[in-house]
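You will see chain A twice below: alongside chain B first, and alongside chain C after that.
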Partner chain A sequence: MFDRILDPTGLSVRPAGAASDARRLPSLAGARVGLLDNTKQNAALLLAEIGELMASRYGAVVTIRRTKEMFALPVDEPLLSEMKAACDVVVVGVGDCGSCSASAVADGITFEREGIPAAVICSDAFAVTARAMAEVHGDADFDFLMTPHPVAVLNPEQVAVRAGELLDVVVARVSEEGR
Partner chain B sequence: MTGQATEDPRLAERAIEYVYRQGWTDGLPTVPATRERTDEFLATTSRPADEVIGRLDHLKREVTVELAAINSVMAGCLPDYFPVVLAAWDALMLERSTMGGGWQSTSGPAPLLVVNGPVRRRLGFNSTGGVFGPGFRPNATVARAIGLIVRNGLGVVPHVFEQATQGVPGRWAMCIAENEEESPWEPLSVDGGVTAGVDAVSTTLLRTSEYVDNRHTGDPEKLLADFADTLSRSGSLIFRNAGAGVVFCPEHAQMLANAGMSKDDVRTWLVERCGRTKADLARVGKNGITENGVRYERGDGESEGFDPMFAADSPQNLPIVVAGARNAGMSMVVRLFSNWSGISARVEP
Partner chain C sequence: MKDDARLEQMAATLAVDGYHLTVEESGAGFDVRITADPETCGDCLVPKKILVTMLQPILGVDADAIRLTYPNDSQPAVGPE
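On to the complex of A and B.
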């Protein structure tokens, strides 16, 4: 009986869901790893530590490290192209704020659609917004990785511990190793 | 009125509850928007209903004039308020953060809307006592309309894409009219590039507001020193610099003007003095500054020196407004989320 009340959202249709998974790499040996940090405190350090562990334990090579210019917004086309050309898998993070956790998930979905397996790391305090972003970008089940909040106030030794804890899930996210 | 007496008021309750069930309200009851009512709003503007006036591409959302009208109806606006809502929205879209991730921020920023020009009187905006509200329909509903547009039109809903840790008191409730009649200075809209006497809205995002109550001195420099103390609070320094504004009450503004100070003089006085010593900042773990301008705890940092609060001496970094009643010396420091765009939007049919 209330069909004469107007919808204030402008959403006539919800985005359709479509999985975006790229093919996992069979092995990380010799794989080129890209690290995309979003300027959040400890993000670059955490990704660097993970990159080093992927190199030392699995024989991968970190070939490109980039920092997003706008942490709140998804990766732009020039940076996407540059990373696509330079790496086989990408590690993105750390989603540790309202907008950057959501945009990190959008980045992961974008990389996957471009055929690059992506491990996206978010603080667990932002799980809901990260999941909502996955829905908006048409991949409601996108598998992002979570680390306990907070990340920003960890000291370098604690960041290294986090990297060690995340290593196995990052590796399993982008390759068949450890699956 | 006899015909209306037969209408069932419980229908209104059911319609209001329907809107709640859709998830379209900010927690308070809304006026359900009908086609007829929305068209009355659209008739107040020459802008086409399908004109896109805001978008968040990363959330795949956009706002049209029509969606703004629907949300303004829901907020409780009258049709004549709609051009003010559109001007407020236009001004808001000129802010650096509003097209990016600002609405999603853990800081939960809130727009402060400032209305200038004859439209204040014509529509009954409060510019004097209790200017920060509540109690006045134009102030309350225009601010609320902006909030509903962000929620419904841009899809930034609390706990989902809106990730405010605590949020800001007064979010979606801060629409003030400048007290031009009792201000000794030019209106804010002049700083925003609009001629005095022309209807305009200026806005920027705030992180909070906090009072300076000084009914104690007749010395303008002592008065300003009280403002400088509040402005220089270390909690707001997360980057190299921080922006803040002052909403002066008429009494404070007039005391400063009577001492010969223009608005620019007041701003310059504050910009030159606001900030913290490196030693103060070291005590709170904010003495280092990265290349990107973010503060951090630096163990080996210098302990001598002074970090100025403001990046520059401009209305963008330190906007000044006059509002409130002339009955006491109490003013409001407002903390900016970033900087004001410095551009006011005209209210046009």
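On to the complex of A and C.
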């Protein structure tokens, strides 16, 4: 039994004006990291690279990797529950189109409201959609992370470079380290 | 009051995915139409309900004053119901 059902549009999860920041971890050493990719091209690879860097440089441990069934829809309750149980912080991405950037932000806000610090990565071409979705969810200042558009066309070496460029902001987003 | 700057930003964002936004004032509301380039990713457009919610503060009206048309809306139904 689930304790509640998520609206697949994401619009019912909208406490007006409610900030969504979960408590940041003081350190990533030993922290359990969850990676939630949305099936967009290079999303899984980018998150995997970031996860490896979080492990090698900060002592975190990637404990769960999951892929959303549909990039345009918010994370569903079973997957949310599974990730909540398995990780202390989550990295979500990549918002590389209109619907998936909006959905990624919705996911990030949902995780934060469940007490899991979330780093949401969107490509900069979709900042407007991502911000609009944050407003829809009552958290207009939600802090998503941006990377240059597009991500989908990058080769593996370029994805690795992009991961390195994002590492510090991801770490600062979910923990007190690097802030 | 309509925020033209934010509307242009929204149009530019939609254009990255191959969608084109036109907005026309109609009475007390707005007719908003989204058209798509050929072979545009059909799943990259947010659901109507979400886009209407996003457009409310930009157009400065309530949801019921926004008449939104998506690319597939004008296509005839195919096959038996």
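Structural remarks
Assume the second predicted complex is superposed on the first by the 164 of 179 C-alpha atoms of A that agree within 3 Å, B and C clash if a C-alpha of one lies under 4 Å from a C-alpha of the other, contacts with A are read in each partner's own complex, and residues count from 1 in each chain.
FYI, a contact is a pair of C-beta atoms (placed from the backbone, for glycine too) under 8 Å apart; a residue touches a chain by one contact, two chains touch by 3 or more.
Predicted model, so just to flag it, every value in this text is computed and none were measured.
Of the two partner chains placed by superposition, A:T147 touches none, neither chain B nor chain C. In the superposition on chain A, A:S175 makes contact with neither chain B nor chain C. When the two complexes are overlaid on their common chain A, residue A:P74 makes contact with chain B while staying clear of chain C.
Legend: residue contacts after superposition of the two complexes on their common chain; A:N42 is shown touching neither chain B nor chain C.
When the shared chain is aligned, chain B and chain C each come close enough to touch A:V136. Looking at the shared chain after the overlay, A:T110 reaches neither chain B nor chain C. Within the superposed three-chain arrangement, the count of touched residues of chain A is higher for B, of the candidates chain B and chain C.
By the document's definition of touching, both partners, chain B and chain C, reach A:C100. Residue overlap on chain A between the chain B contacts of one complex and the chain C contacts of the other covers 9-11, 70-72, 97-100, 102, 126, 128-129, 132-133, 136. Listed in rising order, the residues of chain A touching chain C in the complex are 9-11, 70-72, 97-100, 102, 125-129, 132-133, 135-136, 149.
For chain C in complex with chain A, the touching residues are 6, 9-10, 12-14, 16-17, 19, 41, 43-47, 49-50, 53-54, 57. Chain A makes touch with chain B in their complex at residues 1-2, 4-11, 15, 39, 41, 70-74, 97-103, 106, 126, 128-129, 132-133, 136-137. Interface residues of chain B, counted against chain A in their complex, comprise 14-15, 18-19, 22, 24, 32-35, 38, 58-64, 67, 70-71, 74, 100-102, 104-106, 148, 152-153, 155, 159-164, 292, 294, 296.
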